[in-house]
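Going in written order, the chains are labelled A, B and C, and every chain counts its residues from 1.
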Amino acid sequence: MSVTHDASVTSGARVVIRAAGVVGRSERFDLVLSEGVIRELVPAGTADLGGARVIEAESLLALPGLVDLHTHLREPGREDSETVDTGTRAAAAGGFTAVHAMANTDPVADTAGVVEQVWRLGAEAGHCDVHPVGAVTVGLEGQRLAELGAMADSAARVRIFSDDGRCVHDALLMRRALEYVKAFDGVIAQHAQEPRLTEDAQMNEGAMSGVLGLRGWPAVAEEAIIARDVLLTEHVGSRLHICHVSTAGSVDLIRWAKARGIDVTAEVTPHHLLLTDELVATYDPVYKVNPPLRTADDVRALREGLADGTIDVVATDHAPHPSEDKDCEWGAAAMGMTGLETALSVVVEAMVETGLLDWAGVVERMSATPARIGRLAAQGRPLAVGEPANLTLVDPLARATVSAATMVSRSRNTPFAGLDLPVRVVATFLRGRQTYGADGDMA
Amino acid sequence: MVELTSAAPAIVRDCKTSFNDPSSEAGKEVSLMSAVGSSPEMPPRAVMSASDIARAITRMAHEIDERTHGADDVILLGIPTRGVDLALRLGERLAEIQGRAIPVGSLDITMYRDDLRRRPARALLPTEIPAGGVDDALVVLVDDVLFSGRTIRAALDALNDVGRPRAVALAILVDRGHRELPIRADYVGKNIPTSQLETVRVQLLEHDGVDAVVVSGSPQSDEAS
Amino acid sequence: MRGHLLSAADLTLDDALLVLDTAQELAQIADRPIKKLPTLRGRTVVNLFFEDSTRTRISFEAAAKRLSADVINFSAKGSSVSKGESLKDTALTLEAMGADAVVIRHPASGAPHRLANSGWIQGSVVNAGDGTHEHPTQALLDAFTMREHLAGGRGDLAGLRVTIVGDVLHSRVARSNVRLLSTLGAEVTLVAPPTLLPVGVETWPCSVSYDLDAPLPTSDAVMMLRVQAERMHSAFFPSAREYSRRYGLDDRRVHTLPDHAIVMHPGPMNRGMEIGSDVADSERSVIVEQVANGVSVRMAVLYLLLGGAPLTGEGE
């Protein structure tokens, strides 16, 4: 589907979405969007269509625009795999209206200058809001704190800080970072990976790694850091976010921490909700990712954790790579999977089709809560009169086979290629302006 | 005329009775045929009984003794599988006639076949060269059926890589005609003219529980002018 | 057999016996004045070695040449590979040159799988050792050697007790052997310090012991694996001396073996580390035979993969 930037569909123009379904309601509604907000929300067929661009949504479900806390847009530095422009187009195609861009670019986003550059690129592209994540340490080297305050005060208004890609493994540095961000309601998002236990690690350490002859990545390398960091968070009275939780033990630790009243939030990726390390037996590097795919027991625990709120949000960890970094032997391949365009489908497959979550639960975990954690006032809002018109229309009953070749992202490294998945994103709107989807009749 | 090799499936086409063929060889069958599946299938018939086989082997042993002038460097090499059993029997007869032990071995020809690429790689059969080797010996190759001659061609190549006999001869239990190479047998148990589409099977006690030579399949004219 | 030999785990009992029986017949070639068979004439076998290994490469080369195949040797050092050319581009070059089979040794586990399944080449892929994953032809020649000495040279290895000692964690030879030996009906015991055993080894078809002395008196074959002394720098064991004392096969331990038992080693050996020098040279040691058997076994593999009609890469 092509992205429309129909000149006539500006924030000022009226858009009427007719007869859409809304989560939690059995009746259908007309949504009237104008000047960036939801002007009216009335029973289907009752809205005044005069002068408006009409979008037929009789078989579609309207959701608040999705918010991703964890995306790699690769610009500056790795534009061969993705740019802010192509990455945010992919986000809009996945139903997202806001993404947080991780800091492991080149140069690293560890200064106000770089985060503002990324923020500006996002605004100019206009496909979704881009909120840069600032690095915790200079150059992601884990030695000295980066200028977190400057990044917070910059035009990019950074609130989430992460060395993602690397772990802030030095306990003292992590403590200082947790303390420092209290000053501006920031949060440290930890990539939990004890480096000494995972040197040159290739896949989950378990029965499969022993058989396949690939160096193992033990679950404890993630869990040990989480255990330490939740206790540090408690001790200094700050808040902590755990990136891409991947093991059952991690879920247990986070549950324990929350029960103690520790202010910790956690995210899980769509791929960790669906795929296991048995896929690595193909030695196809499309399955190589950090943290690695784990066992079926881990997948089960992650689903339950997402359902009961121990894990707060789904975050894609969209990690595009050029084909030469995946079209090779496992040991030489880069780690990462794309995810923006397939996120909603995979979550519905793993959680809704299995009865663990309803659509309201999906909206909470993919829109409202991520916006809250990121402190985004204008995102993740419910579909109600007066709220910003950030929403996405999806066909909840469609099924389609995932094809890497037709994806919007510049990169093709999706582990879901060939899988038949539910839900199709039909159109996305950012402050009333359409950022994805064809013109006219969508139904 | 379409050429058929011994390994190719039979090609079916309209067939004419060959009235010009004054078949002088016993057992040659010619019949009309219209299409596959409607040709009359003859029931398998035994053309040699156990005693026929025994007599043939005895006669061949005497022939070998006579034509080699009682040479003491005769070696029998059977081509697996049934050629080996025949070589052993032939060796025993010859030993009785000459009053001394006759070296008997086997020569697998799988690696020298000219049709290797047509089927997945075959398992190898045993090759056992008698202790003295084959250099300067008179090697008699022994096999059950002589048909296209390609097996024997392969055996000659295999033998060539083993050593250099002073002469090579061929002893065969059944010669069924249809040679595709200039190969002939020196010692023949029985000539059995057949059509291309028939199958000749030698059954031996050691493998099949009975000694017999059986011909089966639908005979039909294989010549079109 | 399928169109590739990537792992011992892919071999059924019938496949394994076919290879061993074929190798048995082909071994005779070594004693002939003309050590050649015409079977693979016109076929091209490429040795694609990304790791230094003169011994294995020569073994495959001899095997291919004895079957009259053309051999092209491609080693990583000094080639475009060391200048950063990818496995994919190297494979595409070989395909353009018409390789019927590629024998690949690579430091990355799974590289032969990528080569076989990526569509870069059409030919058969033979794994000559990939990272710490598998080395199937080594396991086949080890089984062949054991069969010769302990099973009369025929049939399977049912009931034989094999003890494999050493750095199992990093050993592709161990992985292939455990798989193949259990397929052939042998009972395998792995002996190593806990640090050198992979997580999940308890799911393997073998038993595990931290004590070398216990299984020796009932072992029919003892296979010593190479242990690199440098591993002590990653704290796998405290010192070479302690490793050798606890897990080395010295004269004293050899005398606890049953009379008929054989001592094996895939090579290269660290004399004095995992195996005593005198033990390596003793009559029980079949280490040199293993090398000779390697040629016959590799001839059998090449014949079965290339000697007949082209095999597809899939299917049982």
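Everything that follows uses one rule, which is that a contact is a pair of C-beta atoms (placed from the backbone, for glycine too) under 8 Å apart; a residue touches a chain by one contact, two chains touch by 3 or more.
Predicted model only: the values in this text are computed from it and were never measured.
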item: Path length in the contact graph (chain A to chain B, fewest steps); value: 2
item: Highest C-beta pair count, chain pair; value: A-C
item: Far-end chain from chain A, centres as C-alpha averages; value: B
item: Centre-of-Cα separation between chain B and chain A, whole angstrom; value: 76
item: Inter-chain centre distance, chain A versus chain C - centres from mean C-alpha coordinates, in Å; value: 46
item: Inter-centroid spacing, chain C versus chain B (mean Cα positions, whole Å); value: 42
item: Chain C, residues touching no fewer than two other chains; value: none
item: Partner chain C, residues of chain B touching it in the complex; value: 108, 111-112, 116-127, 157, 161-163
item: Touching residues on chain C, where the partner in the complex is chain A; value: 9, 86-88, 106-111, 113-114, 117-118, 130-134, 172, 175, 198-201, 203-204
item: In the complex with chain B, residue positions of chain C that touch it; value: 18, 21-22, 25-26, 28, 32-34, 36-39, 303-309, 311
item: Touching residues (chain side chain A, partner chain C) in the complex; value: 202, 205-216, 218, 282-284, 324, 327-332
